[in-house]
Structure formats: structure tokens, C-alpha cells
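Have a look at the structure below before the remarks.
Each chain gets a letter, A, B, C, D, E and F, in the order it is written, and its residues are counted from 1.
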Amino acid sequence: MPNVVIDGPRIEDVEVKRVLVKEITDALEKAYKIRREAYVVIIRENPPENVSVGGRLLVDRNKT
Amino acid sequence: MPNVVIDGPRIEDVEVKRVLVKEITDALEKAYKIRREAYVVIIRENPPENVSVGGRLLVDRNKT
Amino acid sequence: MPNVVIDGPRIEDVEVKRVLVKEITDALEKAYKIRREAYVVIIRENPPENVSVGGRLLVDRNKT
Amino acid sequence: MPNVVIDGPRIEDVEVKRVLVKEITDALEKAYKIRREAYVVIIRENPPENVSVGGRLLVDRNKT
Amino acid sequence: MPNVVIDGPRIEDVEVKRVLVKEITDALEKAYKIRREAYVVIIRENPPENVSVGGRLLVDRNKT
Amino acid sequence: MPNVVIDGPRIEDVEVKRVLVKEITDALEKAYKIRREAYVVIIRENPPENVSVGGRLLVDRNKT
């Protein structure tokens, strides 16, 4: 701890994940000033049929 | 925000998810009175070997 | 299970919470068709200095 | 409720999960003294490219 | 990681928490076989007006 | 969405929170390339008697 959980859509490119967790850990380190090994970041990738914004599934968003 | 996360078993039919997130968003809108686009609902579908009730995995429930 | 966690701002009125969890449970019951006692809903109330939207704390939103 | 969510790496063997949720439920029962059926434990298995410790993805850990 | 989050009612006695997190960590250690310092357990204590079971707030449970 | 939840110890200074959520949102924006208003970050502050590392509550850490 501190632990971070990110809920978002799928990220195709591992390099994007690599940069994301590094930058989030950098931000955590500035805020909490604990040894770096303590920070855990978990990325959750959610399929578009399992997420809604404003009551509408993401999978339905491109439909009229 | 407000954000809602639902942890349940698998839902086969997308139409069931569609109705579920709409009805939950309707309930949130009545409670929080924020613009509709702000509400995010995430459905998590959990395999029966990863959930236990009363100390017993769901996958073992049909066994004697 | 199914379990629901709602993350939102503070709700002052218990009656609002009462209606919210009832309506969400009604929606869950239609979707999952499990006995009613199985559904758990947890409301988390977050102080405005602990939530950001678009990179800005809610506590700072009314400031120019 | 009480509900427990475990975030960890993949567990290959269902028997390991079976023992884990039983022992956690035993511990919960001692602490909360509620009827056993009330305890729900959910195991989340996270792929090594979605978890970082100390700012580094687990998938990159074996690399120099 | 592995991380565990427990959502339950209030626990008055710190000694009960002490035993609970120790026993859960013992169970995790048997399952994941990772060094003991890696396991984080977080206890969340929820007020009875913020939790519902079966669509009814815990705070209303003792009422007829 | 994307949503981020941070579980850590208490942060006394609001300015530290302000910088933390801004930097995390900057990192998310680079990764997901969605409009900035979509990112929600929630900070959870946990008392030391509710968190354990390695099976030991943080509140007990300074004791021999």
C-alpha cells in the first residue's frame, strides 16, 4: 500500500500500460513519500458491454 | 461520478445488461440529482470458481 | 452476491438512501433472478476533497 | 456482507482456491460472528501485464 | 499484492482486527507462496445506514 | 470512466491531494486519449488500525 486500481477500457499496447503505471507511481511517490516498492497499481480492462455511461452501455454508443 | 460497480455471476444476454444499467442509472439520478452523463456503471462477471458464499466456491455448490 | 458498491458524494437524507438501495435491488433482482436476500448494496460517501473529475478536486470546483 | 475481494495473480489449482476461501471465511466468522452464509469472498486473478509493483509491470520483472 | 479488501460492519475491538488480518494473511501465504511482506489487507467499516441486504438498509432491520 | 481509486494512509495537506489527482489525470489522459472531464479519481484514506502489511496492522508497526 498505497494501492491504485484503474478501471478503464481495453489498452492494446503493453508499452502504454508500462508508461501509465510508471507515471502513476511517480505521482504517488511524491504524495506519500514511502519507499517505491510499496506502490501497487492494478489495471482493469472492461469490455464495452459491461460499462455504461449515462445509463447506456458503451457497446451501444455508436448506434443511433 | 457517482460510480457503481456490480459484482455478480455471468450475464449471458446483453439486453439484460442494457436494462440493468438503465434502471440503476435511473435510481442514481433520483438520488443524486446530477446530470445523467455523470453516472458510470461497471458490471463485473465472476466465474463460479472465483466466488464463495459461506466458505464454499459456487462451482462446488451443486455437489453433495 | 451480487454485490453493488456505489461511490458518490454525501447523501444527507436517509430516506434517499432507503429508496436508492431498494430500487437498485429491484433492478438486480430482475437481472439476476436470485433470491432477494442475496443482494448487498454498499454506499460510500466521499468528501469533496477526496474526489477529482477531470483532474480537479470537487472542493475546488466552485473556485474560479 | 461481510464481503472480501482478493486481488492477486492467477491461481492455477481450484483446490488452492477452495482452501483459501474456506480459511478466510473461518477467520471472518471468528471476527464478525454472523451466520456463515453471509460471507462472500471474490477472487480476482490479474494478468502480469496489468499489475505493477514499484512502478514496474510484473510482466517486466524477469527482464534485466 | 496480493491485496485484500474486507467490507463489513464496524469492529469495536482492535484485537479482533489484529487476529483477523493475521489469519487472512496466513491463508494468503499458503495460497500464493509469496513473501509475507507483500500481503496487504484493508478493513472497511461501513455504517448501518450505508449498507443494504435484500433491498433494506441495515439501520432499518430492527424495525418491524 | 476511466476511474481510479487510491487506497492509502491519511493525507493531511489538501495541496498534496490537488497535485496527486492532477498528475494521475495527466497520466491517464496520455494513456486513454479520452476527453479530460471523463477521468474520475477517488482518494480513500485508511486509518492505521484498518490496514495490515505482512499480517500486521500499521498501528502496531512502531511497537517492538
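Simple rule for what comes next: contacts are C-beta pairs under 8 Å (C-beta built on N, C-alpha and C of every residue); 3 or more make two chains touch, one makes a residue touch a chain.
These figures come from a predicted structure and were not determined experimentally.
Common neighbours of subunit A and subunit E, by the contact definition above: D, F. The chains in contact with subunit E and with subunit F alike are A, C. Comparing chain pairs B-F and D-E by the number of C-beta pairs in contact, the larger count belongs to D-E. Fitting subunit A to subunit C on C-alpha positions gives a rotation angle of 180 degrees, to the nearest 5. Of all residue numbers used at the contact between subunit A and subunit D, under half are used by both chains, marking a mostly different-residue interface. Compared with subunit A, the chain whose C-alpha mean position is the greatest distance off is E.
Of all the chains, the one whose CA centre sits at the greatest distance from that of subunit D is C.
As a whole-number value, the distance joining the C-alpha centres of subunit A and subunit B reads 19 Å. Measuring from the averaged C-alpha position of subunit B to that of subunit C gives a distance of 13 Å. Subunit E has residues 1, 3, 5, 7, 17, 24, 26, 40, 42, 46, 51, 53 in contact with two or more other chains. Every pair of chains in contact is given here: A-B, A-D, A-E, A-F, B-C, B-D, B-F, C-D, C-E, C-F, D-E, E-F. Those residues of subunit D lying in contact with subunit A across their complex are 7, 46, 49-57, 59-60.
Chain contact summary for the complex, subunit A toward subunit D: residues 5, 14, 17-18, 21-22, 24-26, 29, 36-45. Those residues of subunit B that touch subunit F in the complex are listed here as 1, 3, 40, 42. Subunit A meets subunit F in the complex at residues 1-9, 11, 16-17, 19-20, 23-24, 26-28, 30-32, 46, 51, 53.
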